[in-house]
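In the part that follows, the structures are each spelled out as structure tokens.
In what follows, chain A forms one complex with chain B and a second complex with chain C.
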Partner chain A sequence: MSKLKVTALAFALIASFGGTLPVQADETCNSPYTTKLIKGQEDFVHVWTLGVKGMGDESDKLVTVDVNPKSKDYGKVVHSVTVGGRGEAHHTGFTDDRRFLWAGRLDDNRIFVFDISSDPAKPKLVHTISDFTQKTGYVGPHTFYALPGRMMVQALSNEKDHGGRTGLVVYNNKGEFVEKYDMPTGRHGDVMADGYGYDIGINPQKNALLTSSFTGWNNYMMDFGKMVKDADAMKHFGNTMVMWDLKSMKPQKVMNVPGAPLEIRWSLKNGDNWAYTATALTSKLVLIKQDAKGEWQAKEVGTVGDPSKVPLPVDISITADAKGLWVNTFLDGTARYFDISDPEAPKEVYQKVIGSQVNMVSQSWDGKRVYFTTSLLGNWDKKGGDDQQFLKLFHWDGKALSEKFSIDFYALKLGRAHHMKFSAKPVNTAGLKERVAELASNR
Partner chain B sequence: MTSKHSSSKRRVRPEHALALALALSGCAGEVAHDAATAAVSVPLGLPVMPHPPDNPPTAARIELGRKLFFDRRLSFNGTMSCGMCHVPDHGFTANELRMAIGNEGATVRRNAPTVLNVGYHPRLFHDGREGELEAQVWGPFLAHNEMANPSIGHVLDKLRALPDYRGAFERAFGGRRPTVETVGQALASYQRSLVSANSRFDRYRYGGDTTALTAQEQQGLAVFAGKGRCTTCHTMGEQSALFSDFRYHNTGIGWLRGLPQPLVEVQLIPGLRTTMTAERIDSIGEKVPNDVGRFEITLDPDDRWAYKTPMLRNVALTAPYMHDGSLSTLEAVVDFYDRGGGGAPDQSPLIAPLHLGDDEKAALVAFLKTLTGEHQRWVDEGLRQSTFMTTLNPITASGPAPTAPHGR
Partner chain C sequence: MPIFRRVRTAATALVLGALLADGSQGASNAELAPSTPHQDFVAPAAGSYRLPPIQRSPNGRVVDIDGRTYGLARYTRERITLLSFMYTYCVDPVGCPLAYATLTQLRERLLRRPDMARQVRLVSLSFDPSHDDAASMRMYAGALADPKSPVRWHFLTTRSVADLKPMLDDLGQDVSVELDTRGRPTRVLNHMLKLFLIDRDGRVREIYTTAFLMPEVMFNDIETLLLETPRAP
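Right after this comes the complex of A and B.
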């Protein structure tokens, strides 16, 4: 399909929502185009898990955990699908219709498509995309972000030198390649664009596509201890964010954000025009917001922990009301909650050590349930006894986290627990009354 | 400096011309003559490329070797090729990391050396453990921390099954299919074609162009051959220069690397550094593998922490430097030798403090930058191998972007 057709289709679908697409999801970091929302209790958490040499079948797998407290299997692994081999399993993303979960591997560049909707308790691998690099020249399919009828993928690297220059890729929901877009390079205004990529965040109301920047295969596959001692490798982290015109897929502005800005979280409130990111190396919270003239600006608004100790902020999760932000710091295994009622002045109001290391955080739409996993990258995770690998559920009452269950992924020979997504059983007539009551009790 | 050769290309020696003629007689490729000539004729400043009698260069072999060199499918999980560590845009090394990484990010202990002019090396790898390119290629194919193939047969089976290789080996090797020998010969043929010289230094020393070097660069050459004592190991001949004695020396850098480091300086972003304790790095890093250099091959105590002298051609393109990539710039290398090396107890007596002045060190660096050569056809083909985005380093199709010397 031509680029023109793609952008025209996207525009038409955006327009069909009247420019005020409902920004809702069970988990607040999903694409705003994701539909079939879970408003109450999620039934399952799917964990994209890295295989470990010498453990079990040594392969990457999608692990499904029953998280409904009314289930007899609450807090237990109920299913896993092994995809074969280790390829640096990393992130996942739903298609816009929420029927399929795309899961990528940063090393061998394979993308696995799981049917989640037919039986959420038993996801089924239905398609594998094996020619991502051949089609695009990119390496490391990282973020999977639903567009209407499409899936946008942010890559991290390239096949030319395994460095950080990379691009965005659009597939249709059948898994067919549609188009690719190089990340901008060269001078853009006063900023030198580095061509790096990491996360995708879209604000449809603003026609705004925001991207961040990390590093290439050379670094994200390297042993972490080896890398920090390699002064040449450390020169090759992203220092920019890019605001794109979503409809035309043209970069509009490149912003200096030094220190590897990672996850992007837009405020989910209608009409808001700001997003947050955290920089991994410099431990800063950065606000991306339109100024009085409507121009996008990136501004440091806070720090995370003691930046001199490099706590390494990793995943962040914004609450649905845009008043709170969870920030995990990998090296001290700590979850930190920031009051961002004033997004210009975030205040850390709570912190708790989750384990010896922690990476991903996902919260239910009401913010009452917060899930944590541990793995950052296969060769970056801690070594020895500090290499804990778990999924933990905590309840959040607005003041403190209380642990509800913990699943040791190493004890179960599963591997390294990474990205999480929620799903729910389809509502049937017999269970409808109970379900409605349950939903009501959760509001 | 007197002129040694008026042409920028060397003639093929009679014995090599004979081998070439024999090779061409069995070669079906219509472009074989031009390509093979390009492979065996060399730019100003290099000696004739030695080719083994049983593997004369042909266009078909070189082209097949080039395809193999850049084929990521030939690693176990399809992520690595020779060209991922020997990146054409990075001077056929990897500029962005000190020591290479391989399959699933596994640690390789040493810096990826450039393969430009590798055909001149009498022995291969930093420790010289391999004697010919035809055999060397199987090391990375099978190393668990490089391309990680489980067996030779696994690679051959894959090649025999890939449709785009159908007939390619048979055409290049007189009907022979992919074997451990023909795969090695094809890759070796390609690597021997990666020649680069006719640098400004060559034009000055061997081409009679007295204006090819600036006054500062000429001063640097004098330091290189004189007070700096660089030519003791990085040798220059009367008619050509390979800049290596191809011997093994303990400069102290390997010994330095083995010393404990209680604090490590880490660059977070340009201009912002912090320190990490050894304890913290140990918590996130694997145990650093030991490396005793040439000793691992000979078990001769005199070879402990000794590594092969690298050639210096194109050195400005091949940072970072030393066998472990621990020095990022040419200035750092010059400072290292000016200090007298790493100070190891068993360090080579050839390495001693030089007491160079700042102007001499600057001149020496300026001279080293004149060793960037023009590349021959097959190097250019490598540079064009990937069409992904823009060229990452300013190397043009015919060589690095020329810099006009001052005062010319």
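Right after this comes the complex of A and C.
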């Protein structure tokens, strides 16, 4: 074979890889280490759902919805895995190879591991971690963020006083404890570190691990109406973000970000050095970016709604091209779209009421499909008729959202719809044995 | 030049071309952003941090380029080991060729530090025992498998999928065969690129996927492990 032909063959094979290449990021909120990007149509949305006393089986569950418009089950619940009991189901995260979904509970500290890849239409509970607090002293496993071969978990609280001081925990993908890291406390430069935690965001090119801060078990398990009238309770919210050296897992800088900075979204554009967060209590958009000297700075760059009315910004979702940002405000049930082409000057260009309350937002990689769910925390959700619990899909044409389906989780006796993750059916792959059989047949 | 060397050379050239192209592109669209690693920070100094043990490396039967069968543990103890899975005809620009290019860079760095080089080994273990037999691996390895080199680079395969799969599963290394439009297996093995850094006691201490393949950082990780207190005899 000539060298030219070999090169041509190599080119052809590379071209043939198409969408199967490992990629830098997934649907925009996932860890950059998560592979198997769904560039096209997602097939399923998995909703980590809080059980409700007196409703259905009353237990927390992973609900799977068929979202492929070509499917006969489009817009329908096709599967549900009950995990038993109610422990404040909250967030989930894929392992780096996207084969398993880890899902946490903030009250009883259990972590459930579901096999998603074997049959995405029917996730299977394969492992439960029940000694999170015994191993770490932390309470409230919140964020699940894939590292290569490992899962990093951000906790919200601790077992000593159930306040906001907490830490990060690393497990291997088998679910075995690897290491824990306390959130920084005490004075760091001009800032008093509060030791609180909430979300995790990593920029691999910068060796940068960014964390935010919320509140402890005492508050997140308290009735919302009671808490906001409790002046002392309201003092116990996070006011900082921490930039860590990812390799050494040492805090590099603690930044003042008052008002409970929650979700972290790095720009996924190659070479960008900035991330966004929104503060729940002060309704600010905050840009975390390196200055001219390369030092990380947190800067308020905009407001969300009318901060005096405390609309309570919750989940945010950045577009893949880092030009747009969805921001949900829980109390008015509104989704707001910001043009962040200039990240220093975000502009709200669209808003729509999604329901009486709205919490999570997840968008497809192309930004054309936007999913919303409703539950914030079991004791923080609205009461009575305002306690709507749904999964809604909207199409986004760049100007307006148009509703495609709505699934009422209460009508189906499922519970409170919280965190969402996408999956897709495996396409055109088989196990190694098929390769062996193919070779054998050619001999 | 043997056919496998030529394929590898062509593939490596393509990888380097792709890297250069991506690096100058600037990628205004995130979907077009290069999937190849880019280091925009100074690597923490060796010994200034700790790499906690992640898991034990598995054992299992492997075959060297002379066709002899050994336990994998023979290649994951006593020296610091960088283990990766590959197959000789892989041309994914961010797959095996990228791992090969990274390992080659690391090897060159190590050869400039003979004190370190003799305490480190590289291991490439094939995903495809049916195609990559000992002779294929020998041809692929060429001079890199020279046993006199201070940095030993072992090119291994297995006798069967049954021998291989438990090791893949234990390390969490996924792999699947891509099928063509008629459902027939192709020559493409989809896998997540992973390199496993293993200490002298056979414990995995770091795992590098594509975003982490930064030779400077990897070199410091190796030195960090070498700086740890040696085991008592």
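Here is the rule we go by: the second predicted complex is superposed on the first by the 401 of 443 C-alpha atoms of A that agree within 3 Å, B and C clash if a C-alpha of one lies under 4 Å from a C-alpha of the other, contacts with A are read in each partner's own complex, and residues count from 1 in each chain.
Please note the rule applied: a residue touches a chain if its C-beta (ideal position, glycine included) is under 8 Å from a C-beta of that chain, and two chains touch if they have at least 3 such contacts.
The structure displayed is predicted, hence computed values, not measured ones.
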Note to self: Between chain B and chain C, whom does A:Y350 touch in the aligned arrangement: first, second, both, or neither?
What the structure shows: neither
Margin query: Looking at A:M221 after the superposition, I want to know if it touches chain B, chain C, both of them or none. Which is it: first, second, both, neither?
Written below: first
Next item on the list: Check the residue A:F405 against both partner chains and state whether it touches chain B (first), chain C (second), both, or neither.
Entry: neither
Next item on the list: Classify the contacts of A:G137 with the two partner chains as first (chain B alone), second (chain C alone), both, or neither.
Entry: first
Check: For A:T282, is the partner it touches chain B (first), chain C (second), both, or none of the two (neither)?
Finding: first
Next item on the list: Could you tell me if A:M234 is touching chain B, chain C, both of them or neither one (first, second, both, neither)?
Entry: first
Check: Hey, which residues of chain B end up touching chain A in the complex?
Finding: 72, 77-79, 84, 87, 89-90, 94-99, 101, 104-105, 107, 264, 266-270, 272, 274, 276, 280-286, 288, 319-320, 325, 328, 386-390, 392
Margin query: Residue numbers of chain A touching chain C in their complex, please.
Written below: 1, 3, 6-7, 9-11, 13-14, 16-17, 20-25, 32-33, 35, 39, 95-97, 99, 147-150, 170, 172-174, 176, 178-179, 204-208, 245, 247-250, 268-271, 273, 320-322, 365, 426, 428-440
Notebook entry, point to check: Tell me, which parts of chain C touch chain A in their complex?
Noted result: 3, 6-7, 10-11, 13-14, 22, 26-31, 33-35, 37-41, 43-44, 48-50, 52-55, 91-95, 127-131, 160-161, 164-165, 171-172, 174-181, 183-190, 192-194, 196, 204, 207-212, 217
Notebook entry, point to check: Which of the residues in chain A end up touching chain B in this complex?
Noted result: 85-88, 107-109, 133, 137, 139, 158-163, 165, 182, 185, 195, 216-219, 221-226, 228-237, 239, 258-259, 281-282, 308-310, 331, 378-380, 382-384, 386
